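Handing you this structure, nothing more for now.
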Amino acid sequence: MSAPSPVIVPQFSTRTLTIQSGNTILLRLPNGEAKAVKTEKNSTVSLGRLGVFYANELIGEPFGRTYDIVDKKLKLLPPRTLAEVEDTDATNELINDGEFVQPLTLEEIQTLKQSGAHASEIIKMQIEQHANYSLKTEYSKEKYKKRKEAKYSKIFTTIDPTLFNVCEHWFRKDQTRIRDIRIDALSQILNMANIRPGGRYLAVDDASGLIVSGILERMGGDGRLLTICNTDSPPAYPVTVNMNFTNETVAVLSSLNWATAEPGHTPLVAPVDVPADQIKSDRQKTRLNKRKAALDLLNTTREELFAGEFDALIVASDYEPFSILEKLVPYLTGSASIVVQSPYAQILSDLHAKLRALPEYLGPSLTEVWLRRYQVLPGRTHPTMNTSGTGSFILHAIKVYTFFVWL
Amino acid sequence: MWSTARLIAAGDTVILWLTRELVQHLVVTPGKDFNSKFGHYRHSDLVGLPYGSKLGSRTGRGFIHILRPTPELWTMALPHRTQILYIADISLVVSYLDIRRGSRVIEAGTGSGSFSHSVARSIGPSGHLWSYEFHEARAKKAREEFAQHGMSDIVTLTHQNVCKDGFNLTDAADSVFLDLPAPWDAVEHAKQALRKDRPTRICCFSPCMEQVLRTVSALNDAGFSDITMYETLVRSHDVGQVPVLQSITEVADKLKKGEEVREIKRLRQIAGGQRSHQNPHGEKRKRDEDSEMNEQEDAPVGEAEDSGSGKRLKTDDDMGTWTPSRDVDVSRNLDDPSTHILRAGASIPAAPTAKISVSKATSEVRGHTSYLTFATLLPPMPPAPLEDDAPSQGPQST
Amino acid sequence: MSAPSPVIVPQFSTRTLTIQSGNTILLRLPNGEAKAVKTEKNSTVSLGRLGVFYANELIGEPFGRTYDIVDKKLKLLPPRTLAEVEDTDATNELINDGEFVQPLTLEEIQTLKQSGAHASEIIKMQIEQHANYSLKTEYSKEKYKKRKEAKYSKIFTTIDPTLFNVCEHWFRKDQTRIRDIRIDALSQILNMANIRPGGRYLAVDDASGLIVSGILERMGGDGRLLTICNTDSPPAYPVTVNMNFTNETVAVLSSLNWATAEPGHTPLVAPVDVPADQIKSDRQKTRLNKRKAALDLLNTTREELFAGEFDALIVASDYEPFSILEKLVPYLTGSASIVVQSPYAQILSDLHAKLRALPEYLGPSLTEVWLRRYQVLPGRTHPTMNTSGTGSFILHAIKVYTFFVWL
Amino acid sequence: MWSTARLIAAGDTVILWLTRELVQHLVVTPGKDFNSKFGHYRHSDLVGLPYGSKLGSRTGRGFIHILRPTPELWTMALPHRTQILYIADISLVVSYLDIRRGSRVIEAGTGSGSFSHSVARSIGPSGHLWSYEFHEARAKKAREEFAQHGMSDIVTLTHQNVCKDGFNLTDAADSVFLDLPAPWDAVEHAKQALRKDRPTRICCFSPCMEQVLRTVSALNDAGFSDITMYETLVRSHDVGQVPVLQSITEVADKLKKGEEVREIKRLRQIAGGQRSHQNPHGEKRKRDEDSEMNEQEDAPVGEAEDSGSGKRLKTDDDMGTWTPSRDVDVSRNLDDPSTHILRAGASIPAAPTAKISVSKATSEVRGHTSYLTFATLLPPMPPAPLEDDAPSQGPQST
């Protein structure tokens, strides 16, 4: 048995190991929802009903830990074992045979809370007063207890901002804004496009930057990502905010829009070569320099696009996909992957029908993603009772050269 | 079961369809009223109307559809006493258990009666359903319901713990359906109750995998064969009509036009700034410079904004929101049948936009109901081996 | 505890309790496939490689039993327990690291078989000679043994011709001919259409009679089924053959075609009222009577359609579905169910878009069926490795009256 | 890993795409030949071609595409030593385990190396993969393969039984992937190998539910948290172009025309029969009568035929067979790009038929690969409780 060889290469990370000042981090609340908060040094973080605490208590902590808010301070809790995990699939059905009545009135609970009673005391009182409680099975009892606990608990968990967690958060929060791209779809898209450190990629991301986030995460600051957007100004990719990327990670990204991405088009920009005698102030000079830098970047980015030889193209766009491929596929190198996402099978069926008549698209395939999560509590293992119905359709093809080498 | 007459009569159980999400039931009782946010009605108003009528309220502020009950509509309208079964599971169980006209079926427990109604419909008056319920109050309510629905001849309801006391039946049933927390305790009783002169079948409905594993083992031990397990679901789709997708060329043209407009604006501002240069207030010039630079900062390359959607094209919002219109109850929109036609992308100016219909699964669907474990009980082997019966039956002897 | 009340109503059955002469029954062969054979009294049934036997041995037997063919005679076997069931999901992957080599050559096996060796002996020899067999896990060993057994066994099982089994057989045999209608779809269609003894139904079945079979099975000879077809002659519904229906069960069915189903159309038929002096023979007379009966039936059936008040309409057709609904929905009674099946979501999306603008279609819904089968062998429980990808889309709506009752 | 140069060089591993179902790999070795039913090639022919080229064979009878390897193409082309992982599972595991540039990953067993290649691609040269394989021959082959693919710096392959002997690593890895028959025996070893300064993750890949249950229990006992389980699959769709569906009115018209034709034919036959009445051979008349009656027997009402499809309309066959054209490799059809356009329904005479594209899931799909059980190992709790550290940190103190 050979001993593994020691590792000496330093690790690169797209984000910091622990929570930093200025991060936008997600917290899992007792009701299961995630909430984004900014951890600015010396600031106060407010979690509404749960209370407030001082951001500095989180800064420097590793992600994934669980805290109770006690007297506006954080008390670190051990991670929950399976026995403590709530059965999230407690039936949502309305049982109206009169068994599940609220034993304490809302007013009574309010009074108890104001008198400083702890959540566990309120629950105990509720249970005691619950008329039919003794009739319930042990299983129902537990369910009932957990549900009540969630309602009065002030416990939260910081969420590690992995691509998986950030995608899941956005999917739950606003599936439409990320074009129904569920994490299984995003994962497959990134693999199909062969995203790796050092690669050069083209992307059209009308999915709030989810695709861009995935590519940047997988590139890890090494390579080049060029996106084409539909806005005058540089595109806003709000999902990237939750990723808490380091500056190096984001540095590989530049953007053009559909006008500036046209080789025949000369962008109309304000003059940057102003004669020295016409510059009225240092301030104006600084601005002109900034403007010049921007124009240079625009021109360099355009040249880079037009030089082509990109390794893959990912499209998740609201516009007609074939018109996008016609424009961008010429800039791909041979054997590059083309990946197009849509919430609708129909859109990609039409695209597929077009592509398979064209020899530069090798092996176009249309697939639908499928994902199922299970509850794995002891004795109660089953798929979750509610799930997302749709997570994307993906079209994949390989760009090949249409000229033919005859031997 | 329910009335099969064309017209609604007093005493009929009817289904009131208010919206897809709000389906209720009613025993037509002249003298009583039905009030809802969809209007006020007297039960007597319903009598004599054909089933399938649309009835406008006395206040003129709403209407309802009055439908004939079916087990499927009943499932949407019934009072939930327990978690209920839905069409995907029910219909597959009915098929697998070979439940048809004249079948003799056992179910335990009765629960909310969703499955019972479906079985009663399928077997008809020449069949029989023995239904067992452990919970006394639920049993009582179900018995009343079955009586109200004219099913008393078809269904025998027994308040009994079948795991402990069995079914009080021998060689009587064609099939058994067990929706119990511990079906394995009822398997031997089920075997006794099933007929032995033909293949009979059993289905155990279990939400968790651990229950399935134990049930499978119990069924195997009891001599059931062809043990198999299925899961079935319904995946609802939303249908929407969306404008034909815009080509990227149109977007580019619009962006170019934007560039031109911005450049003209900038030149105008500079001209204005030069005019106001004579202005003694330096503040004004600064503002002009600012606005000029602000324009420049809208140039295509720069740092990403930290939030919001930037200066996206107007059309973009329209494109972004062309999610399919939900499956809204069109019947609610009396005067405006066009409610479902989404507004055209603002991008395409005047001409009527061509539309396509697209569908996708609804974002939230039922991900699991239960595991359906099926097994068959075959007639016992005859006492003597077959080959001893007729050694000369081989084809070679013909 | 009340004793259940005794049942006295005689049972109706759509088929006989045991196998009868003239039945077309399905047999499950050792390779898992089903084969249809006709059990004609005094005839010989041939199962190819498995051998032949005398049909009389099956006649009178209950369905579902398992037999071994021994010396051209049937030996009844007990049903298989779980321990004996083959792991059907033995991996299909090509393991090419040289472990799964065939230890006996084909010639050797042939020689063994000709020398009268029993299957189990051949397997034993194979196992003994299998080079790496001792290295295998117990699990692989079992898999290997089962696979070999299936290959040489002469065991078959009669399949009870339930709707479930017949549908499954056709779906496996030729999914296209039954328009991708999987058993879960068929079951839902029949429930959605509220098929019951005594009902009156309209159906368009371009699915080889699968829909008709389901409706007839659920009606149990009580009620009325009228189908509209696209052929001159009465439609062939080949699936019904496998159902082995009694004559009473089928008697409720009549058919029209799209021309004869038009109220404005007068079918062109040969004259039936031939003057007595023009009848040249008894034979011609018999034929004229037959022709007249057919015409009478045609006219009665047309009248029945045009009188309307049907309880449901089921459409599984290759033609444009809205044109079908326009023609047939007027013949439905209020509150009747309308169920349309298609293999394609797109076809029903278009239909759905049309229907929801029309007030006579209440609550149109588009659903897709989903079915998963599991292997439940002890310690090896999992969904089957291969499954059908699609089983139908279903559109359902309720016919309501468009005239409005204002109070 | 593999070559990133634009042009193919000797010694490169390349992917040969013959058809979608036939994807192979090759180390370009000038002097060697590649022969297949798609033509004969010399390896030296490939040298200097750009990746993505289409190469015609020397015999002129076929061609192949030469592609740059990716882990996904490699998965299609690799020699199966064991059951392998596919893109759905691999990509989800990579995401959940947070595998990215620089990650340090453990996998056991190596198997056919499908997952290893994907991980190596994602972590790049600054990451590391420790891969363990119990089976000696498989370990040897995998080691050769990794060397050939330039992965030796990234992957350390160890021939070891990790359930018994562990990973020989402490606090070293960011994540662990276990594809073993008894992953529970390796859970404690995995815990030791994982870093303790950040959340780390584990995934156990198990085909059966019983294995999942035991794994979940072991993970819980070992102190892993957030235990969850996923199943993921890819559902392939077939796309076809079909004629716009025919209206029932057209069918009715065709049937009516058929009636007319048949009636005319019948009248002609009768006329012919009357003419042949003078014929002394009665046989002829009988045939005429028969044919007349046969015509009649085609009338709309009668007994069902026992098999076949009867006299369906000609168009019907075309409608019946408009299954989507399979996802054929269009590149194979050099001269006939129209191969995929299905023939128009014979029903619609001359005008070019409008087509629509439709898609549906392929009839046979992968129904299950494995259950993916995930869990997280959090950094251990600090020795002293947090509140003792800084009792004055509460926001009220600012």
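Details
As written, the chain order gives the labels A, B, C and D, with residue 1 at the start of each chain.
We adopt the following convention: a contact is a pair of C-beta atoms (placed from the backbone, for glycine too) under 8 Å apart; a residue touches a chain by one contact, two chains touch by 3 or more.
Everything numeric in this text was worked out from a predicted model, so none of it was measured.
Distances between chain centres, each the mean of the C-alpha atoms, put C farthest from subunit A.
Across the two interfaces under comparison, B-C and A-B, the one joined by more C-beta contacts turns out to be B-C. Centre-to-centre spacing of subunit A and subunit D amounts to 26 Å, using the average Cα coordinate of each chain. Note on chain placement: the centre of subunit A and the centre of subunit B lie 30 Å apart, centres being C-alpha means. Averaged C-alpha coordinates give centres for subunit A and subunit C that are 47 Å from one another. Looking at subunit D, residues 209-210, 213, 235-236, 358-359, 361, 371 sit in touch with two or more other chains.
Listed for subunit A are residues 345-346, 349, 372-373, 381, 383, each touching two or more other chains. Residues of subunit B that touch subunit A in their complex: 79-84, 137-138, 141, 181, 207-210, 235-236, 244-249, 251-253, 255-256, 258-260, 262-263, 266, 289, 292-293, 295-313, 316, 319-323, 356, 358-369, 371.
Against subunit D, in their complex, subunit A makes its touches with residues 1-5, 7, 9-14, 17-18, 42, 44, 52-54, 56-57, 62-65, 67, 70-76, 78-82, 160, 162-164, 167, 183-184, 186-188, 190-192, 194, 196-198, 217-222, 309, 333-337, 345-346, 348-350, 352-353, 356-359, 362-374, 376, 378, 381, 383, 393, 398-407.
Subunit D makes touch with subunit B in their complex at residues 209-210, 213.
Touching subunit D in their complex are the following residues of subunit C: 91, 93-97, 137, 175-177, 180, 206, 230-238, 240-241, 250, 254-262, 265, 267-270, 283-284, 287, 291, 294-295, 297-298, 301, 318-321, 323-324, 327, 343-347, 372-373, 379-390.
Looking at the complex, you find that subunit B touches subunit C at residues 4, 6, 17, 20, 41, 45, 49-58, 60, 63, 65-68, 70-72, 87-88, 90-92, 94-96, 98, 100-104, 118, 121-122, 124-128, 130, 156, 158-160, 165, 167-169, 172, 197-199, 209, 212-213, 216-217, 220, 223, 225-237, 239, 241, 327, 329-331, 337, 340, 357-359, 361, 371, 373, 376, 378-379, 381-382, 385-387, 390-391, 393-396, 398.
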